[in-house]
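Following this line, the structures themselves.
Note that subunit A is present in both complexes that follow, paired respectively with subunit B and with subunit C.
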Partner chain A sequence: MTIRGLRILPPFAIGRLGSSPEPLENYDVRVAEDDPLGFRQIHGAETLVVDRHRGTIVRSYTPRSIKFKDAGGRVKPVAPFLEVWADVDGVLVPLTTSLLAENKLSVDDVEWRAQVGNLKAFRRTNKPPDRIEADTGWFRGHGLHLLTGRCENFLRGRSIPFGDVQFISPGRKFPEIRLRFTPAKGLIYGAKKRSQEGDLTGGVVYDTRRGTWSGYSDSYARPTSIVTAPSPIYANLDDPRSTSRGYLDDECDGIVEVRIMADKRPVLQAFARIGAGPPDFAPDSFPVRTVADELEQALLGPNPDNDEVSLEWTEEIIRRAFETVRLQNTAALNGNPIDGGVANSMSTQDTNWNRAQEPIMAPAIVDSKALQALHQSVFAAIRSGSATWFGQVLRKFDEVGDLTDRGRRKMPAMMRGADGLHLALTRRQYNAVLGSGNKQATSEDARAATFTAPTTPPGKETE
Partner chain B sequence: MSTRVRPRNRTARAGVPLAVQAMEGKFAPKRIDSAALHEQLSYRAAGNPPGTLPTSAISNCFPGLELDFRNVWKKLFDGIEMHEADNLVVGTDPGHEDLRFHRLVKVTIPGPEGNIHQPIIVNVRGPNTNGTEIDLGAQALEWSNAFAELVAAGGQKVTCEFTREKATDPVGPDAETRRVTLLVRKFFEPESAVIARDLVEPGQLTQSLCSPWQNDYRECACYYWAASRPDYVNVETGPQGNSVGENWMQVRGSGSKQYQPDDFQSPGLFTYEDMFRRWEKVLRFEIAGQDTD
Partner chain C sequence: MRNFVGRYLPPPAPRGARKAAAGKLLLPNELSWHDYAVFLLHVAAEVEHSLMVQYLYAAYSLGGAEIKDGRHEDARQWREVILGIAKEEMGHLITVQNILRLIGGPLHLEREDYPFRSDFYPFYFKLEPATKDSLAKYVVAEAPEDWLKTAKGKLIRDRARKADNQREILPVGTLYEKLIDLFKDRHALTADDFRTDTEPYQANWDEWGRGYGDGQRGNMGLTSPRGTPHLLVMRTTDRHSVLDALHSIAKQGEAPTLDTGRKNPDQKSHFERFLTIYEAFPEDDPPSRNIPTNPSTVERQNDDPVKASLACTIITAPESLLWANLFNVRYRKLLFTLKHALHVKAGDAVDRPTARGNLIAWTFGEMYNLRSIAGILVTLPLCEDGGDARAAPPFEVAYTLALPDWDSDKWRVQRDLILASARIIRELDEQLGPTHEPHREYLRALRDHDKRELEVVETLLTAAADFEAEQEASS
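Let's turn to the complex of A and B:
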């Protein structure tokens, strides 16, 4: 079996920060057959235990339950494995020691490299010395390789640890070629200012004599439209200019590469992407629109084929919407007055366009329990094939600017999209729902089946 | 209908999305067709919990949690760099300097059934403070949906329409334009499901997130990502049949269960200092909607 190419799978692995020395165990999340809109069930799954000193998998086991923090209350980091797969005559199979041997190669011919960055300060200041970057360089062997974030504007000898990578030594029971990325602890770094030192759990790294990140303001940007959206989003002094405190974190994203050497030259190579972000604090729930949905749309296009759409796909989209709604105070997010005020929500965000401030839905029907019941009835109707109107209540991607009452009540409701307007599904998700038979009937039918008009006349309710 | 190369081996159960099968542990193939890019994209490596999957990462990025995925689109056109969240050209390579701070208004995408003229800008319309429905402004569409058809044109040149003049402020869809032909970069590496190397460099996918991320958990009071960063937890049915619960950012054990609306001054909610110094302690994992660590 001749190796014709390599891939690293998954092509994109998410790590999650945490300071526990114990990585989070593996688990599956499953929908209960008898409760399709109930909370997904978490079941322990085969967990690989790595001896970080030796770089080997010493055992595997299936945990009986999953704890997301350790006994000391520290969050367990999510530390993904990245596997190397070999293209053998058009089929990918895991690259193993025996497959290497078949090709007259060995583990010693395998080299890895990881490059990650944190460009948050650079994105604002636009000064290259504010780039924080880590590069392991090419390495062999099974030791830990630290992802040491270095920056020209750091104090001498200071750095931000972004975690580490380790080429796991393949053994008899686990002969596959894999690397593990262990992300950082979730610490905060910054510049020396006595009043802020307690916040800097990672320490003082930034040299204020060289860099401008501490003291930076988005108000300095020219033209002003180049700032991030939203803006300003950095720890600041809460002054009129939103002056930066100069805080930095240990999130990162980047590339992991593998190559196989023969005669001192790379003969096969591949790379994958990694990132490290905050923990998923509701691990039995999933967002309605995810990075996977974006990647699938980019890979397969916005129009799924007929044999790809399915009732199960539509159900999953509704389930995920429900999983978000279930963890939202929808009365607050609707713009209902609470304790004499109105919460920050799409209802208030829309006033940035000088739109009248008013609740999105009728205030009386948006309690979390009521909306859960609504989603359950929609789900049941879709399962029974009687929800032909459902496609009509979905917001199309180019309807996000419709801030009329009718437009704002489309689904997904009360959530913000990447453009700051009301959220639309990906076009592929939207077409999948329509393709599964939910596009007949009229918008009037759809409206009648779901929402009533708000009781507050437009323009009568203000800040 | 899609004209893409379809996966050749259907290792997955029909109907249930691959992403779901992966999180359930029911999609764990030992062989994958090298052309089956969807399978490769959805693959969950041995030992990896579902939180490693892109399915667990939100993409309604404003700005995002794990990533600001909008950054992936910045360099889709060879020679220019777009703002991650706006139709503004913020960077140019030699030869395209005259596009800097101009705005992309429309793209003409060649397709099997003819050209697709994709507007990038939509009018924002709704009732003003007097209740009269009017045009309230204009907004660039998010890249992912606006460019959904364009990705298939990777490696080809397309016709783009940019504002005739520099436009650092937003413009409407009817702005005067001039046409420019640009090469569309390929989104994925050849024969692979990995985002192309030249599309986004290390650090760019997180660059426009809050610094530090803990600050955003305190500052952003809009709960659009509740399935990752919850809002309403420990919810029960109250005496009136309505829900009763707590704000996820609420100090626990502070009395009867009553949702505390976001308020920077409220002593009942976690502070910036809590988030910077004690986030691991104060932020709770929610299983079945209940505090569970």
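Let's turn to the complex of A and C:
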């Protein structure tokens, strides 16, 4: 059982901020068979309980229910484990103390390092002293290693805690080699300004005498400025210049590395990515397009194989569509006048491109209940076996800037993509929907038809 | 309508009839001009509705696993084109409702049931799988008059006549010509006949078009002529806009050369699209499913020899029968919801759920349900004792589509329809065998959807009832 290589799984672990000292229990999300249009159901899954002082797993259990906040009302952070797997003759197996021993290695030969950063201010100012970074350096042992975010433009002695990492001590019951990343609390930091002090739950860290983040404003005229569309998507004073309030948060992302040392030299190593984002306030609903879809497209390309596409895939996309609608005030997002004004929405943001500001869809048909009902009817129809007939309504990736009535009404509607234009499905998702329709419409497929044909020759079904 | 239509046919001779100033129109004795306009619009609505249903049925029939090799792609293309035409007929039906609304006539979504035909209807209503004969009828019904005099036109007209119990097919354009003449005539219909306050009740393209314009939807395979299907949902505000709407409908479907000054019909017209399919369609072994003519959930008496030739085929397989019942309930729900939606004014409130918004969404939802249930029906056996024949959607007409006077009662009908549907769904769920898991999944989704819809209906019903009670108390 010679170890040929290492992997850290998952290769990308997303933590979620939370101020509770109790991490969130593990859970699965499933669709209830007898309630296909309802909320996804959250089921407790095997959860490892860590003694943070000793760095050991004290027990595992399956929670009967999941509570996202603790008794004090604080949000529980999502603290993912990063497990080391070993390539043993082409097969990935968990790296354990016994496997290390078989290779004449021990836990003491395992070293970790985590490097994370929050470059949001730097992304705007383009000034390297605004980079906030933390580096644990290589470490052994099972104590907590704080991810202390330091920045040249911070006040002396100030930092932003990004959470911590801990190499979990493997034991007899849990002999696997793993590291836990516990993200930060979700606090707001900033510069000293009397009017804003109440907002700064994390405190004053930024030195306005050195850095320019507080008071910064996006400018198309500045050659070094990388302006987004729409541009001022940072906390600002809501003034004509969109002057930055200088706020900072304790989100971060970066890399975790593991290596195995022999004769003071690394002989095996691997890395994974970690990140921390805000809590999931709708864990029983999925967005129509997720980071997972992006990664899948990056990994597997924009064209799914014919045997990959299925009605179930299309069904999942539609389910996510009505789940997304369920969370939205679609009337506001459509640009309907509400209380005498119009909410910030794609209908207002389209004016950045010199388009007249007007609702996207007919105002009377966009309330959330009506749109949910419509999407759920489409979902039911797909379940019946009807081939997807709505491919032409989907926005293609190169139509995100089509601001005609017809273009803006394509699906997904009323949502903004990463480039500031209208959201489209990934090309892979789009092709999957079209592919499932085509698959049913191909002559070789017995279910060929907009209206399903028998899967067996006529008369055979009743035999 | 069905019982009385004969009394309002155009008089055979001028005796007893008053001539319009234009000299073209003859007014039936028992009607005023305005009344006659409402009558003709009702006939137009029935014709559009009937054509739509028959075209849908023909489209549903195309395809299936039993088709011979090489015909699947043809079937798929023809199905897509005919479905596009059916959708356009739906647009015509809605536009006709808008005109009715403008001149203060009652909306009309009823249609003839089989077997029925009046002298205004192009042919006997008959749900039948697509064949060269049935297509001949559709071609002639949609044909321009001049074309019918050509050699090719005569041949197809003869074939269509034979297929329709030796009755001459009436081009639908004739009806629209009559309507156009009537609405043009300022003495027949005066300015007073056009209401100026109906626009908020009328359907408009933004709410009802769903992107089916210029072939942007419904032409996935790009096999329909460029720019089709193109749904016409036209609001009308005065005489001019009515004439525009009638001309547009006539041009799109029934009389493509009418008043256009063109010698060759537009390939986008229904006529041209049907003719193209007709010419390519095989004489034998049509690429159609083995589904019946005029499927029915009940046995019907056929004493009349003509009616006997249009006999219904009863669906006897118990599970198929239940699906057919479910189809009928959802068909009624579609029509009732559409009518209900057209009675709710487009209000100023656009920042909260509205009855109109929900009714429009539900109307489209029911179209998807009909599509789904039809898709299931054509895979199920027709007869209890087995055999190759498959069932099919019956499109049976409900006993009434009339809207109750009180708003709360309209919501009660919505509730009744959901509850009736729920009972059938429950029964079906109990009957389905383990091999029908996909059908069961559909039923679960439908049941779930209805449960949510019922909650909204109950809320609207209570609100309407409370409002009515307040009104009653204050009067």
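We adopt the following convention: the second predicted complex is superposed on the first by the 422 of 463 C-alpha atoms of A that agree within 3 Å, B and C clash if a C-alpha of one lies under 4 Å from a C-alpha of the other, contacts with A are read in each partner's own complex, and residues count from 1 in each chain.
Definition applied: a contact is a pair of C-beta atoms (placed from the backbone, for glycine too) under 8 Å apart; a residue touches a chain by one contact, two chains touch by 3 or more.
All figures in this text were calculated on a predicted structure; none of them were measured in a lab.
In the superposed model, A:N26 makes contact with subunit B only, not with subunit C.
In the superposed model, A:L248 lies in contact with subunit B only, and not with subunit C.
By the touch criterion stated above, A:R289 is placed in contact with subunit B alone, subunit C being left untouched. Of the two partner chains placed by the overlay, only subunit C lies in contact with A:N336; subunit B stays clear of it. Within the superposed three-chain model, A:Q376 lies in touch with subunit C and out of touch with subunit B [touch as defined at top]. In the superposed pair of complexes, A:Q392 makes contact with subunit C only, with no contact to subunit B. Once the two complexes are overlaid on the shared chain, A:G55 sits clear of subunit B and of subunit C alike. In the superposition on chain A, contact of A:D367 is made with both subunit B and subunit C. Judged by the number of subunit A residues each one touches, B leads among subunit B and subunit C.
Applying the stated contact rule after C-alpha superposition, one finds that A:G215 touches neither subunit B nor subunit C. Overlap of the subunit B and subunit C interfaces on subunit A comprises residues 332, 338-339, 367-370, 457-459, 462. Residues of subunit A that touch subunit C in their complex: 33-38, 331-332, 336-339, 359, 361-374, 376-381, 383-386, 389-393, 406, 409-410, 437, 441-443, 446-459, 461-462.
The residues of subunit C lying in touch with subunit A in their complex are 59-60, 62-66, 69-70, 72-73, 75-76, 79-80, 83, 204, 206-207, 211, 213, 216-221, 289-290, 317, 346-347, 350-354, 356-358, 360-362, 364-366, 368-369, 371-376, 378-381, 386-390, 435, 438-439, 441-442, 444-446, 448-449, 452-453, 456.
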